[in-house]
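The two complexes that follow have subunit A in common; it is paired with subunit B in the first and with subunit C in the second.
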Partner chain A sequence: MREAPRKIASGPKKIFKAGEVILEVRDLVQVFGDRRVLDNISFQVRAGETFVIMGGSGCGKTTLLRCLIGAQKPTSGSIHLFGEDITRMDPFEMDRIRLRFGMNFQFGALFQSMTVGENIALPLRQHSDVDPSLIEMIVKMKLELVGLTGFENFMPSELSGGMRKRVGLARAMALDPEILFSDEPTSGLDPVMTAVVDQLTLDGTRKIGATAVVVSHDMTSVFRIATRILMLGNGPRQGQVVAEGTPEEIRKNPDPFLQQFVRGEADGPIPLRMAQDEYLKHLLGDG
Partner chain B sequence: MEIKEKNEKDVVVLAIQGEIDLHVSPTLRTALKAKAQAKTPRLLLNFAEVAYIDSSGLATLIEYYQSARTYQGKFGLCCLNLSVRSSIELVRLTEVFSIFPTEAEALKSLASS
Partner chain C sequence: MASLVALSVGFILAMQASTELGKLGANAFIPDLVSLSLLRELGPLLIAIIVVGRSGSAVAAELGTMKVNEEIEALKVMAISPTRILVVPRYLALMIMLPILTVFGNCVGLAGGWAVCVGTLDMTSSFYITHAVQRPELWDLYSGLIKSVVFAHLIITIACYQGLGVTGGAEGVGRATTASVVYSILWIIIADAALTGLFFFVL
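Right after this comes the complex of A and B.
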């Protein structure tokens, strides 16, 4: 008979096999005031994939990610995570789902009053009855994964921004999640550490069978890790899906908006500045 | 998770079935603690029926390894699938544990040590 630790509340769960739909977003809309940030987004993520969401600043990537982890209620549409619609869940039900995924925040989001080790141990202490001596070993293993062996007693304030990001990643992996959501996991990291974080993502998906959903605009990293890519638009195509496909399909897609982004070109259809008449209207007023 | 025990050539073999995650690693820990308390001289874990092991399971194996070292107990793992082997490789424990492709090879090595 299965002996369940006291604090674990995830209950019976369906194990998703490689290739099964583990996350499905349908007709997702998010409106803030009169601004439609996400506009009818639909996509599926299959177990074992590294699914990358990319797009320019302000295109709604982070808002979409917040919706996917249940931190933001969308205006309309549905999000089926592990087969259940999280947009209709109350906070208690959402807690049960949260035990099954990890969230790697853009800037680590560490508790400043806790040591690195305490930050990583927190999910295990909160959600499991794993013995403290085993938690100590798990913390050491997670720190080894992100190249920070021996840093468990450091305070976050004693670390560089890149190191804090890696501690955040170690914490997100503490419960060995079925899906790891990452918000800009490589921004601000040097090329070597970027490759290390990318390799961790690949190892998690290819070797362990986990699923990764990564928000990024680091093109080198995107094409290194992605099995499929979703491109969100901005400007006149704000929050719409511009393209979706394998890295090869994205490279070959002739959409000028997409190609400007992939190539990192200053000139193209992606609007950097307002049209002159709009700008003057904004500056001088309607009169 | 199920654990079946047998004795082969002076080696205690625990054949484990199921996924080793936060829910079930305490069961494995209880079984291994009993073996450590009994100072089992040779222990082999057969992972042929284990599809997955998480960090709590790996920590449980390390804990037994540390205990067995105190009484010079031999400890081996065999028949790991790709996922389990990868989990062990990722945290660089392949040099720590004695890992064998088959139970027969493991028994031969552990029984002669």
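Right after this comes the complex of A and C.
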């Protein structure tokens, strides 16, 4: 896999100043079969923000993120990333956009046949003319950042789940992206590692003026990093925006659905089981 | 393994031929028969089928596992083309390796035929070698090699297509691997029939 990097024409590139809209989603709908997994979602992310998408399991967070990075064409709606509508873009044009963001997958998506070091080096090797010795140094720096110094020659299969997530994060940040997309970077991590990853996310983005779009349902982590929060619903409110606002606004929002989620309570409007008569109907059939 | 199969095929060809041709007193034609059938037909075909089982299935399983593990997705998101980085090198490798393996298999098969002819039919080595090598024309060798190039193309295209098309977890990888073997063998045999028709009846 070591071959000459292929240059992707970057063309004129608009630099986004803090506060400018860098990502805008309008009326996004994603239908799988007869299920509306994302239902008319609209929101804006401004440059420099740490935008957190939260919501219960299966509410469509990963699906939303996959649409945002162009890995999946939504059923309808538009997504303007860096000012261009990626839902109408052909794959070659999309490559130009792809170089400007990094994606940290929920399950790491590390290349199993490559060492940790090679995983992080791959985007650098493919997309820059940087000298191999310099790449080696950048890899060491990125690993140091995620607390994995000395692990460059390990295979992903030799790491724990939490370590893999940190390698995924290091790889997503290898090219110093303008936007970092991160899918549940802290789930499965211990509290200390969670704090480390949160800090790292901020260091790699807000501190240097870049933007982060993070999916999370770890409330400590959400309130620690977010400048703005988008809450997606599930059950009867599947894939709809329940609330959007600053952490302060979310805390004060009286929506019972939201409050149950924020406080992590079992009782509340979030449906876990069916109501009793509905359950009986379901069991016995409608007749 | 390929050489074991090729050797056995050489044995089988010589022994089968000797039972029939022996009745006609035409044992002298056995070397010709062995070498022609190996070069034109059995060498390319059998080696291709072995490579389907070993390499085609391995490629389908490897790419399928990468697909399930979201590695393919990750490559695309990094603006790295999976075709360029995963398919092209494997394609080139097999297009080069299969013809080489076929030539090697032909040689081993001829050695198998030699063992039978010299060991049980009282032929001299020089008689066998002169006949086995002189009877076929260069075209017989080339037609077999053209077949093996076509087979290589089919094997790797089907394996990559099946591997990259995996859906549905580990089970999907198993299904794709099986499908790649079944379809490869099917298409190899169809292509073989078509090419044999083209080379020896049309041209």
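A few remarks follow.
By our rule, the second predicted complex is superposed on the first by the 264 of 287 C-alpha atoms of A that agree within 3 Å, B and C clash if a C-alpha of one lies under 4 Å from a C-alpha of the other, contacts with A are read in each partner's own complex, and residues count from 1 in each chain.
Quick note on the criterion: a residue touches a chain if its C-beta (ideal position, glycine included) is under 8 Å from a C-beta of that chain, and two chains touch if they have at least 3 such contacts.
Being a predicted model, the structure only gives us computed values, none of them experimental.
By the document's definition of touching, of the two partners only subunit B reaches A:203; subunit C does not.
In the superposition on chain A, contact is made by A:128 with subunit B only, not with subunit C.
In the superposition on chain A, contact of A:55 is made with neither subunit B nor subunit C.
Of the two partner chains, subunit C is the only one touched by A:111; subunit B is not.
In the overlay built on the shared chain, the residue A:74 is in contact with neither subunit B nor subunit C. In the superposition on chain A, A:144 contacts subunit B only, with no contact to subunit C.
Legend: residue contacts after superposition of the two complexes on their common chain; A:176 is shown touching subunit B, with no touch to subunit C. Contacts of A:239 after superposition: neither subunit B nor subunit C is touched. Common to the subunit B and subunit C contact sets on subunit A are residues 3, 8.
Interface residues of subunit B, counted against subunit A in their complex, comprise 1, 19, 21-27, 29, 52, 54-56, 58-60, 62-63, 82-83, 86-87, 89-92.
Contact residues on subunit C toward subunit A in their complex (touch as defined above): 62, 65-66, 69-71, 73-74, 76-81, 84-85.
Those residues of subunit A that touch subunit B in the shared complex are 2-5, 8, 15, 124, 128-131, 133-135, 137-138, 141-142, 144-145, 174-176, 203, 207-209.
Those residues of subunit A that touch subunit C in the shared complex are 1, 3, 6, 8, 69-71, 94-96, 98-99, 103, 105, 107, 109-113, 122-123, 126-127.
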